[in-house]
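Chain nomenclature is as follows: A, B and C, assigned in order of appearance, with residue numbering initiated at 1 for each chain independently.
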Amino acid sequence: MSDASSTPQPRHIPDTLGTRWGRRLRSWETLLIAVLIAVFTINALSSPYFLNAWNLSDATFNFTEKAMIAFAMAMLVIAGEIDLSVAAIIALASTAMGHAATLGFGTPALVAVGLLTGLACGAFNGLLVARFNLPSIVATIGTMSLFRGISFIVLGDKAYTEYPDSFAFFGQGYVWWVISFELVLFAVLALLFWVLLHRTSFGRAVYAVGNNPTAALFSGIRVARVKFMLFLLTGLTSGIAAVCLTARLGSTRPSIAFGWELEIVTMVVLGGVNILGGSGSIGGVVLAAIIMGLVTFGFGLMNVPGIVMSIFIGLLLIAVIGIPRLVSPQSRRVE
Amino acid sequence: MTMRRLLQSREAILLAVLVAMVLAIAARFPQFAAPASLANVFNDTAILIILALGQMVVILTRCIDLSVAANLALTGMIVALASLAAPAIPVPLLILMALAIGGALGAVNGILVWKAHIPPIVVTLGTLTIYRGVIFLISGGEWINAHEMSDAFKAFPRTVILGLPVLSWIAIATVALFAVLVTRMPLGRAFYAVGGNPHAAVYTGIDVGRTRFAAFVISGALAGLCGYLWVARYAVAYVDIAAGFELDVIAACVIGGISIAGGIGSAGGAVLGALFIGVIKNALPVINVSPFWQLAISGLAIILAVAFNARAERRKGRVILKRAEQAA
Amino acid sequence: MSQPVLSLSGVSKAFPGVRALSKVSLDLFPGEVTALIGENGAGKSTVVKILTGIHMPDEGEIRINGKPVLFATPHDAANAGVTAIHQETVLFDELSVAENIYLGHAPRTRFGLVDWTAMNRDAAALLLSIGASLDPQARLRDLGIASKHLVAIARAMSIDARVVIMDEPTAALSAKEIGELYALIETLKARGKAILFISHKFDEIFRIADRYTVFRDGEHVASGLIDEVTPGRLVQLMVGRSVDQLFPKRVRNPGDAVLTVAGYSHPTEFEDINFSLRRGEILGFYGLVGAGRSEVMQALFGLTQPSRGAVNLAGRVAAIRSPADAIDLGIVYVPEDRGKQGVILGLPIVHNVSLPSLNVTSRAGFLRMAEEFKLARAYTARLDLRAAALDQDVGTLSGGNQQKVVIAKWLATKPKVIILDEPTKGIDIGSKAAVHEFMAELASEGLAVLMVSSEIPEIIGMSDRVIVMRDGRIATEFANDGLTPEMLVSAAAGIGVDKAAA
């Protein structure tokens, strides 16, 4: 920092000093991997039924649908926004599919209806936040009520259950042996989102917007467009999750996926995404999703009810965010 | 100038909308506007009003408390279990207990925000799930039903004094207390300062972390109070009571014009926001609309309120030209 | 000589990796203005934070009227009568003027409640006493910057401050407002307040200060009476060697017109702006703060939409609706607020540099990291950036080096026109000279430069031509030939400039 006194000779600046940056990122994921191994080991030791391919395969259904949305949510949170309406989008998309099914639509058309409903909801959120500059946390609390409210208006206390047999594949089908369709979809989406966030200029723009939207705008990033696209993505993934969940349950009630939004946000934050925006990775979210799924499954095997698992997840969330902040004061950010 | 007047009378606009709504319903269904019916609407909304006031002070400091409904359910369960185990405990003591337990649960949030510097949304998301889980642990997943509760326990919020149930009077007292708190008490003004400009607040000698802590304790204590009131009024306690109610509480604040960015809002706004939701909920059966419409209508109201607030808060551009200055 | 009301002795403060202050001393005397002088990074802001209780010193002593005190919290400092008025006056936009003055020590009723009637009455009296005609009940957000300063000063008076710290108080004020501030400082002096005045501007220091203290690299270098020192000597003390502020010599041969702006108007910000800019030319924009210069530039960069007028770029009509459009057309903008609008703190240097060039460094939307590093290496080397590594967070760099990153980012897009808004504001003298040098080099390579600056030496030293703006319009245009500071100031202020031009 003694610029004035040093000689004005061009200096060579190395690209990187070792792997400090990389190390920091990795350390978060290392922590998650350690937790994952611990959870896996404890489960394996405490229940003879845990290390069974079919049981493990069943366990994946605990997280696959939520994780699909969590990938898009992670990008949105990195960009400094949030979408609390995702679970309500599932409800609306599922209702739309149920309605279409009663009209006699076939499986391909039902999937299209589900995805398009998701996209439309995402576009509406995107419009409110990106075009009208509403704070996303409250705007999406509003659309959350609106979307699920429409499901309630349509369905009331009834349910749609008349889905074609072939539709069930998306939630109950297996691609090979114990590998379910949902698990494959989860893996494919994880890869796609990893590429999108970490290997494309769109992903870079997401980080720029999340760290400083003003400076990003001043650097020529079309900030509103980036945010709109991200809301479209959360809408679309919610639509995909709606297809899988509806197919798995074989029925639609307006209360479907109730409370998922907070579980998905938990998954994202546990995955190391800064809730204030600017940093995070898809790899972390994948690990967090698997951890949450295995914890649920393990507790289930031990006949511990799901609600108790929530204590564990809640503590994990606070510990995993809080401990690094207590240890190194520099990682704190003033909001 | 008109802009400023508009800003200052945000509550007036909301009140006008509310009155217009009641009048419009009364035009077709006069019984809705009968004093007894309106008093019933108010009583029905009392808990939402109390929680919205607690949430308001948290939001004023630029934080958010998602754990209020879980806090309510946990405190309600503890109080119900205590009363079950020792029916002799007088109700005033139970209320003090509820305030203390709720306040302590709020203090957990506050400490984590203050000392561990974890973003409030993460903290309260975490404690929300923890508190719900703890209810299961202490209750073993069992319901506590009306016949298990003592009569005194159940009767207190329903006792009618001067024409209104005690529940309504508690809400009215809370409103009065909060109006004084946020307009006249140094702590109340500190909430505005901390949310409006945390960096500047430090220079005026306000401890930002401590002030936020206080807001969480207040919000928690009110949630605890409502825990008792809820369990006693509906005469049932189980894991999932008031599930998702935290979002109604935030919705009431948003509709009431409390800025999620902190530093803007009033007790009157929070009350009106809660009443808006309460009126819609109670009016739907009266006007023969399925109660299933309620959720969508409050959703729409939230979106409109947020849009309106955002418009009112938008910064004016710089006015440099003399001509434009005169026109403004 | 009177006793100092406040004195620091042997105060040190270290942050992780940086020794911000090492055994410094500072004395402030009642009824006198002490100027604290030093380059960026000399430790001035750390001293302010210690005096206001934000930071605790690691060692050393603070004495008030000879008695040692401990400022553990900002509240302690306020109670001891130390108050600060900041660069961007930190107050509460949503609260009233009266509450901004009395927050934290408001008059109370018998019941301990805030007494609004008394508060408004006291605030009105206080504002009157410092000659500020403000409504105590007005919301602060409706006031201009100068009025906010007055509120801050009223606040300082209200807590009966013994020590008033003014941290670059004139940075955002017009000449007239600065005059009013000087008058107010005289009032404060007459009332026996000790004033710590932090400024980069030597004319201000010699106009208002009684004493000076110079810091360099966190150490106390010298202090004394302002009458016994010269500007040259102060600069020497600041930088530790003598520098004559020289601007690079330039061969001036502008080429064809690149950018022509005609009848450019905005509903509230500016009107009827006409000028043309040629290749290899540096066109300076001078004016008082708030004259509309940055607003014109931001419209050219697509941040705001003008209501009328045409922009012609290299002979073609240009439609600029967003910064992305402007960058595509070859117009780039180095903003005044570097930290908020220039660099993206939290991202590494390399990503900051490549951000607007991602369409070049990536292929079909997929990033190519090697290309990004190549680009960043080339342009940061050209600007002689000082950094440990290219993947280092840009926030760890000094202000001058951050500015270099911003300029590198834009040069990498190979622009035709570069707009520099207060390019050397708040950066140290060494980096300043480097930026000037570089600006000259760019112009000689044929780049067209628009430079908004409020520093007269910079305007005169660098520009080929100067446009002076006043109240959102072009007041006049000068060829830089025998141009004097007086001419610029008179044009910028319109009538009634005799005082300011002195």
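The criterion applied here is as follows: a contact is a pair of C-beta atoms (placed from the backbone, for glycine too) under 8 Å apart; a residue touches a chain by one contact, two chains touch by 3 or more.
Bear in mind the structure is a predicted one, so any value in this text is a computation, not a measurement.
Asker: Please state whether B-C or A-B has more C-beta contact pairs across its interface.
Answerer: A-B
Asker: Where centres are the averaged C-alpha coordinates, which chain has the largest centre distance to subunit B?
Answerer: C
Asker: Where the centres are mean C-alpha positions, what is the separation of subunit B from subunit C, in Å?
Answerer: Each chain reduced to its C-alpha mean, subunit B and subunit C end up 43 Å apart.
Asker: Quick one: report the Å distance separating subunit A from subunit B, using the average Cα coordinate of each chain.
Answerer: 29
Asker: Among the residues of subunit B, pick out those that touch two or more other chains and give their numbers.
Answerer: If we look for residues of subunit B contacting two or more partner chains, we find 199.
Asker: Hey, what residues on subunit A touch two or more of the other chains?
Answerer: none
Asker: Taking the complex as given, what residues does subunit A use to touch subunit B?
Answerer: My answer: residues 128, 132-135, 137-139, 141-150, 152-153, 155-156, 254, 258-259, 262, 265-266, 269, 275-276, 305, 307-315, 317-318, 321-322, 325-326, 332, 334-335.
Asker: Can you list the residues on subunit B that touch subunit C in the complex?
Answerer: Residue list for subunit B touching subunit C: 4, 180, 183-186, 189, 192-193, 196-197, 199-207, 263-264, 315, 317-324, 328.
Asker: Which bits of subunit C are touching subunit A when the two form their complex?
Answerer: 16, 18, 39, 41, 217, 239-240, 301, 303, 322-324, 326-327, 333, 335, 340-348, 350-351, 355-356, 358-359, 362, 365-367, 373, 377, 380-381, 384-392, 398, 400-401, 409, 428-431, 434
Asker: Sort out for me which residues of subunit B touch subunit A in the complex.
Answerer: Subunit B residues touching subunit A: 62, 64, 66, 112, 116-119, 121-123, 125-130, 132-134, 136-137, 141, 198-199, 239, 243-244, 247, 250-251, 254, 260-261, 290, 292-303, 306-307, 310.
Asker: Using the touch definition from the top, list the residues of subunit A that touch subunit C in their complex.
Answerer: Residues 1-6, 8, 10-17, 21, 195, 199-205, 207-208, 211-212, 214-222, 278-279, 330.
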